[in-house]
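Report on one structure; see the data block that follows.
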Amino acid sequence: MLGVFGLTQAQAQQTVPTPPKMVPEMTEFWEPEVKVVTPGAGTGIAAPSDAIILFDGKDLSQWVSVKDPSAPAGWTVNKGVFTVKKGTGNIQTKQSFLDYQLHIEWQIPANITGKSQGRGNSGVFLSSIGGGDAGYELQVLDSYNNRTYANGQAGSIYKQFRPLVNSMRKPGEWNVYDVVFTAPRFKEDGTLFSPARVTVFHNGVLIQNNTQIKGPTQYIGIPDYNQPHGKGPIKLQDHGDPSEPISFRNIWIREL
Amino acid sequence: MLGVFGLTQAQAQQTVPTPPKMVPEMTEFWEPEVKVVTPGAGTGIAAPSDAIILFDGKDLSQWVSVKDPSAPAGWTVNKGVFTVKKGTGNIQTKQSFLDYQLHIEWQIPANITGKSQGRGNSGVFLSSIGGGDAGYELQVLDSYNNRTYANGQAGSIYKQFRPLVNSMRKPGEWNVYDVVFTAPRFKEDGTLFSPARVTVFHNGVLIQNNTQIKGPTQYIGIPDYNQPHGKGPIKLQDHGDPSEPISFRNIWIREL
Amino acid sequence: MLGVFGLTQAQAQQTVPTPPKMVPEMTEFWEPEVKVVTPGAGTGIAAPSDAIILFDGKDLSQWVSVKDPSAPAGWTVNKGVFTVKKGTGNIQTKQSFLDYQLHIEWQIPANITGKSQGRGNSGVFLSSIGGGDAGYELQVLDSYNNRTYANGQAGSIYKQFRPLVNSMRKPGEWNVYDVVFTAPRFKEDGTLFSPARVTVFHNGVLIQNNTQIKGPTQYIGIPDYNQPHGKGPIKLQDHGDPSEPISFRNIWIREL
Amino acid sequence: MLGVFGLTQAQAQQTVPTPPKMVPEMTEFWEPEVKVVTPGAGTGIAAPSDAIILFDGKDLSQWVSVKDPSAPAGWTVNKGVFTVKKGTGNIQTKQSFLDYQLHIEWQIPANITGKSQGRGNSGVFLSSIGGGDAGYELQVLDSYNNRTYANGQAGSIYKQFRPLVNSMRKPGEWNVYDVVFTAPRFKEDGTLFSPARVTVFHNGVLIQNNTQIKGPTQYIGIPDYNQPHGKGPIKLQDHGDPSEPISFRNIWIREL
């Protein structure tokens, strides 16, 4: 027999509570503060012969707009680097990847202002599994003398894992991420078989050691693997903050 | 120089935000509903020669009160089983364990009333790492035709992992948990080396398969391994609900 | 230019050493002896509602010959059990499985003779990945007062992992294996992504705890994952020994 | 009663077969050949502020002789590098380490001669757990146009795991290993709790990805964790080959 809303009694009985919405601060953990390490000089070893060059200083031909993957990436290329162009939105690689080694360099501008998350905010999504900010975010931020929640500073797996140490260089200097990413695997029924794992070096210093990622990044709430996927593009974030924009250069990747 | 609140300037600068308190429902996930399986008959294979018998039907000589570990366990022994005595509090084993195989049988009384978490609530803490309800809780509840949040029903790692299936027997019948627990390990500096892992069969049906526990159970908030520990006792919960009490029998353990 | 054997010079240069053949005894490790435990009574909890019954005491309709999968399994069914019929070869399930929970009971005949591997030898191949004896073998043997190499006794992952304890029952009594198997996963290029893992209880006693299998069983040599595969049937071994044959009963499986 | 050889009957019964000795070639696997990659230029990012400098170009004050740990390391220091001095034996760090990140540079001399294992052979023992060549060996060898067994070439975990690719530089150029090592952990009874794991980059290219080491390196036979241990020194090998000696420089380590 049909009851309220045209549901059968059995269906109506199936109405279950939905967890109340959390607020972002509930997954922002400041303590203990991450220990600061001063990295050594250099940007690492150049790309090997089997790397796919994702940016060689000339153009964004390997990248597209996330909003419209048929449109070119709208960020600015100048003097061998490219820079977030506020309001154009995130960009992502044309190609998709499963497991890989990635090298990427990024620079907080010398004249950065703001504090906490409002200072040089961007991100490297290790696998974009949808539009917008969906994916596994390795945080990009100015964490040089700029404290924020530990699981949101540069080198964190955003809102999940703090970096082992803070190995950030000064604004105006180039930072380097060397990443080894293993994509999650799913069972035929869509449930998780094995989580994504990531190892990251920040300016040559180990900051994530085969970390088991908890699920796609959630700005609000608790991450979970509820969306099976395979390969995904690498995505860079236009965070839209009211401060000077971040630049990138020398990006290469090797499929594993 | 002292500033506000008698803190030095350095101390005042160190004041950082504390995450707002969550509410319990934020970690209670009802969907999707766990599939029901009807378990077969029987309570399993009897204790092997190398098992430590934690309850043989006679007395609670292997158990003490959690509130006062120098006092005997105050629960009721009758006809080969023991039963929660409301208000006496949790009880725990005298002996502590690291990695182990555990067999434990438990019964929801036939005349149980209430619903959701208010129906036959107790728990097996796989390692008690403090007083009260601290530890890794394998949930005990009447989950026979009694829906609750999936990560809080019988066989869940409470508020962390739902059981793979719902293999619950009717009130008045005996349920069986067969458990393999691997304790977490910690580094010298107190940080986590490897998380606790648990495999559980409920009435002979696999419901947790080498599940990596996220940290000690949190009724409110997000679990984390912030308290290094070694061996711990097995603890049973007096949940204090206004319903008929739960009984236990035939408990044995093998150290691994 | 062609040189010896019609190979080009480049091909000839590519001739590389092949490892000398090992002998079986090189992977047979007797020490230390596995500790004996006397299991308790019983054969466990009956099949749940979601199990696939692979043998219900009546016929071998779920099984076929390994030599000729279009032919029925030639073993003998009598009084609710089936028995190896020497010379008919291995048998396997019609259906293939990936990850699963398996219950299987087996009996060494009371009048068994012989010693070491020549006494009640059979095996449960957890996933048959080819004909003959190819697959991941959980050893079946009379290990009651019959010492053999530890990684070849009952409950071993044959020639790889000894059981944690020896929980064998006497000839003429029924033994029980309860198994949780996770199949290996492979990358697109055929290399290993994650190894097979297995948990086994022998007569209710944990003997393999999420053991990472090294590769398909090798009677001679060192196992390796050089053959990517997905689902496989469960296979039982006709070892062909000159002694009384082994029987099986009550076999059920649940896909995970 | 004493029987043959003065053993009691019980002792005589305990005499068990010992596996026949293998020959070294049985664990030397040439096929398939490891794919060659040409690494990019550079030696990586300089030591961060929290690194322990194990060699700064001046002296071997952080090292001792393995044969006699009270004696100084007898290798030759010249022009900012140190070189194996044949016949003086292995050297090891004074300090012991558990889990760590290690950077080490090594050079095959330009005038190297010989082939296969007889060409620039040395090794980095990731944890020395005894004298001589005991430990977990990350192979050092001239693998530039010098084929040998894949699990014995530069970047292999010797006789266990081949490198993912061959990223070797020419003799006369400096090679770089960047290593993340997680030491094995043992249970109280001396059995293995978790194996050693290692990630290695060779000239900036990932060649070992959280590889689970099978046990201390065995030149002959099958490795196994039969010797519980904690921290160990880093050890470098004097392989004693009749060819030009290998040099090392710029060695630093960070405890994790």
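Note that the chains take the letters A, B, C and D in the order they are written out, and that residue 1 is the start of every chain.
Basically, a contact is a pair of C-beta atoms (placed from the backbone, for glycine too) under 8 Å apart; a residue touches a chain by one contact, two chains touch by 3 or more.
Computed from a prediction, not measured in an experiment: that's the story for all the values here.
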For this session: Among the listed pairs B-D, A-B or A-D, choose the one whose interface is a repeat of C-D, with over half of the contact pairs the same by residue number.
Result: A-B
Exercise. Using each chain's Cα centroid, which is most distant from the centroid of chain A?
Worked result: C
Problem set entry | Distance between chain centroids, defined by C-alpha means - chain B, chain C (Å) | 35
For this session: Report, in whole Å, the distance between the mean C-alpha point of chain A and the mean C-alpha point of chain C.
Result: 45
For this session: Would you give the residues of chain A that are in contact with at least 2 other chains, written as numbers and ranges?
Result: none
For this session: Considering only which chains touch which, label the overall pattern as line, ring, star, complete or other.
Result: complete
Problem set entry | Contact set on chain C toward chain D in their complex | 16-20, 22-23, 25-31, 33, 147, 149, 212, 222
For this session: Name, in rising order, each residue of chain A that touches chain D in their complex.
Result: 35, 37-50, 101, 103, 164-165, 167, 176, 178, 180, 182, 197, 199, 201, 203-206, 209-210, 254, 256
Exercise. What does chain B use to touch chain D in their complex?
Worked result: 98-99, 185, 187-188, 193-194
